[in-house]
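I've put the structures underneath this note.
Heads up, the next two complexes both have chain A, just with different partners, chain B and then chain C.
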Partner chain A sequence: MSDHLAIETADLWKRYDDVEALRGLNLQVPTGSICGFLGRNGAGKTTAIKVLLGMARPTKGTARVLGVAPNDAGAAAMRQRIGFVSDEKDLYDYMTVGEIIAFTRPLFPGWRRELEQTYLATFELPPHRGIKDLSRGTRTKLALLLALCRGAELLILDEPTSGLDPAMAEDVLRALVGHVAGQETTIFFSSHQLSEVDQICDHVAIVDRGRLVLGGALDDLRGRYQRVQFVFAGEAPHASLKTPGIVRVQRQGRVLTVLTNDSEAVIADARALSPASIDASPVTLKDIFLESVRTED
Partner chain B sequence: MLMLKPNPSSGVPIYLQLIEQVKYAIATGAVRPGEQLPGIRPLAEELVINPNTVAKAYRELEHEGVIELRQGAGAFVTDNAPSKKDTEKLRTAQAAVAVTVERLRGRGVADADIRRLFEAELLGGKRGE
Partner chain C sequence: MLWHKAWLETRWRFVTGLLILTVMTGVSVYEYVLALRMMPLADSVLAGDASPLGAVLRDAITVQREFRGFIWYNAFRDNLTTMGVLFAVLLGCGGVLAEGKKGTALFTLSLPVTRRRLLGTRAGMGLAQCFVIAMIPPLTIPLLAPAVGQQFSVVDALAHGLCLFFVGALFYSLAAFLSTMFGDFWRPLLIAFGVACVAAMAQFAAPEYGLFRIMNGEDYFRNGTLPWMGFVTSAVLASALLYGAAETLERRDF
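Now for the complex of A and B:
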């Protein structure tokens, strides 16, 4: 377990009654990265976040957040260094925007007062408006302001842009990007918006059924995966390709499509089958995601 | 202002797109030797992309001798960035591409197919026998 990882879990298991929500999750989030946490509903994302925050105790395995185990004696101090925005964006409804900022400020010694005005303006937050009268999107932006201003070393955000219109979502993403550039913060956020993950993340962790199915630097994944299509004069041969790196093979009439993380090797091997044409094209994060969480047939 | 506009969902790593776009801007003369590129943070905020991605592109461009990173001052296009020569090269290449495209069109190859063939060729896919 080392410093250059803001979050690290090893073989993390969590059972609720008869449901295994986490089944040996291994996560590694490098310090200073923006890491997208992806998975289908029920894949274990929220459970994982709860364990990281010390809100749920793992059945088995270890977790380290900023170098501290979430259930250790030192965890309260560690949580002071983290900003968390839940999916519900829990806020005190009886306060105004200005009141909750004033209320939260003294709770955090590292509070960045100069950022308050910046984010009030960028997020167009009305200081005198009651929180109960805020729209869902405005609540989200207020919750983010509170998390961003506390000078956190790590932000854990559960679907930070859900319920925001595209313009608001872009404002939030821009704030996150600027925040990481200026404060040397790590951001770990769950999302169903693959386009925003594509846009601002440098790392991704894709979970499925309680396990990490794919993780790492997004550029490496993008650079590695390709879709190669072979067209044959007759029916595509049934000869099985044994090339390492093949993720998936689809055969349809004269066309053989291979998703691979080593296209050169696949092309070299498939040459032996004498295809009439070979095309390689880059795959998108969406392709990679759908392939990773695909139910085995 | 420098026109940089990576497409995050194209499947091509964003830092590679940035590198190509900066080189293209230099080659066309949009940015000249000695001129400054936007800082990492302003560019990340403007394009709404990860600052580490911008930093990675700049590091690679520096490594290739295209730009120089001066501590605290930003990124500058170097004098030896092959701008003029590149402009020429690009113009010649463009002419060559134009000839090839016209020839293919003349043989009845559709534009969509031409585009695909170029992309496949660049991606290292080659035609079999």
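Now for the complex of A and C:
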């Protein structure tokens, strides 16, 4: 387990009754990165987060968060260094905004009072309003304040913008980016919004059916993957391309589209099919995500 | 701050329980005046009744002829025991597993505290509330007794309060244990009441060993001796249940 990794899992398995939620997850999140954690519904994202925070015990395998195993004796101290926003964002509805801040503050010695004041103002949070009376968006902002002000080294955010309108989601993302700019914080951020991940993340980890299917620096992935389009004079041939690195091949009329991480080899291989034109173009995160989870079907 | 959270979560149950038990106890004090007026009537009705039921009723009337007996029979034996169990169980229900239903368990578990500390704080608060609910209502009796021309010893009130507390703590711990096994509020509540009903029925078979005999302080009332064995047994069982609750919670996935 490496010091430069904020999160590291090795062959992590988690079984709930007859469902394998995690199936050998190998995850590495470098310290200081903003890592988007992507996957379809039920891919194992929330389960992985629960295991990382010690809320669920792995069936097999190991996990280390900030160098500590989440179920070790030191796990409570480890959580002092972590900010967390859950998918549900439910907070104690019998407290007011001010009360839950006052409740959380003493549990974190590194609590940032000046940030608390800043976010109270920025997010327009009313300290005397009961949590049960807050809208979902305002509750999300409060949950974010409670995570960001902990002075945490690692923020684990489970779909922090789910259920928010685009303007509020933008506010939240801006707050996150602004927060990280000022300090050495790692953000591990699960989301279904690929545009958000594309906007703020420098690393991604894509999981499908409890396994990591793709991970690494976003720029590397974007640079590595290309879409190569072959246009033929007639119907695109059905001959199969054997070149290593092909992620997906799609035929449509005269066009053969290949997603690959070795475009030169694919082009060289496909020349034998005599295409009329060849066009290699960069791919988006959405393409990478969709193709990564599709290849597992 | 965890104490504050535990307080906020249970304060209405606690305040309601304290008020109801205190008012019921106060009412019992004032009812003595009415009961004294009814005694001759009861005597005349039961005068010729030689049946076993008649004997039981005569015994009950004999006990209640004096203020101390009336209070024991109506307050400690009936109201405070029944309602004490009810509110001890109500206070014991809930906790971090039940928070799962409300969606707040993940926030709680993300805090830098162990599950044992969460449970320990909640149990500490709950047992303190049980203690107050067990002690305050009996202590109102010596305060109110002069209003009906009677006296009631503070020592007797404290002794009966202790009896209520020890068995109440056992039912509290049972509910707390069941709340680490079932994520809803109702199953722990119903199972704990079920156990209380079984215990009440078992008392008919072996009255001298009954839980409720310890709780209503019958030995203290009749002989002036506190049921120390009952206290120790209740404390040991309550500790075992809270230990079991901590172990169960520790192993739980959320």
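Just so we're on the same page, the second predicted complex is superposed on the first by the 294 of 297 C-alpha atoms of A that agree within 3 Å, B and C clash if a C-alpha of one lies under 4 Å from a C-alpha of the other, contacts with A are read in each partner's own complex, and residues count from 1 in each chain.
We take it that a residue touches a chain if its C-beta (ideal position, glycine included) is under 8 Å from a C-beta of that chain, and two chains touch if they have at least 3 such contacts.
Keep in mind the model is a prediction, meaning the values are calculated, not measured.
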* Label the relationship between chain B and chain C on chain A in the superposed model as either fit or clash. => fit
* Examine A:R222 and indicate which partner it touches, taking first as chain B and second as chain C; both and neither are also allowed. => first
* Where does A:S281 make contact in the superposed view: on chain B (first), on chain C (second), on both, or on neither? -> first
* Identify the partner contact of A:K132: answer first if only chain B is touched, second if only chain C is, both if each is, neither if none is. => neither
* Asked: Where does A:I34 make contact in the superposed view: on chain B (first), on chain C (second), on both, or on neither?
  -> first
* Looking at the overlay, what does A:Y16 touch: chain B (first), chain C (second), both, or neither? -> second
* Between chain B (first) and chain C (second), which does A:H4 come into contact with in this model arrangement: first, second, both, or neither? -> neither
* To do: Figure out whether A:R113 sits in contact with chain B (first) or chain C (second), or with both, or with neither.
  => neither
* Which of chain B and chain C A:L91 touches, first, second, both or neither -> second
* **chain A residues touched - chain C or chain B, whichever exceeds** => B
* To do: For the superposed three-chain arrangement, provide the angle chain B-chain A-chain C between C-alpha centres, rounded in steps of 10 degrees.
  => 150
* To do: Would you give the minimum C-alpha distance from chain B to chain C, in Å, for the three-chain superposition?
  => 26
* Asked: Which residues of chain A touch chain B in their complex?
  -> 32-34, 170, 173-174, 177-178, 180-182, 194-195, 198-202, 218-219, 222-223, 226, 228, 263-264, 267, 271, 274-287
* For chain A, which residues are in contact with chain C within the complex? -> 16, 50, 53-57, 75-80, 82, 84, 86, 88, 90-95, 99, 102-104, 106-108, 143, 146
* Structure fact -> Within their complex, chain C touches chain A through residues 1, 4-5, 8-9, 102-104, 106-107, 109-114, 117, 251, 253-254
* Asked: Contact residues on chain B for chain A in the complex?
  -> 8-16, 40-41, 44-45, 48-53, 56, 116, 119-120, 123-129
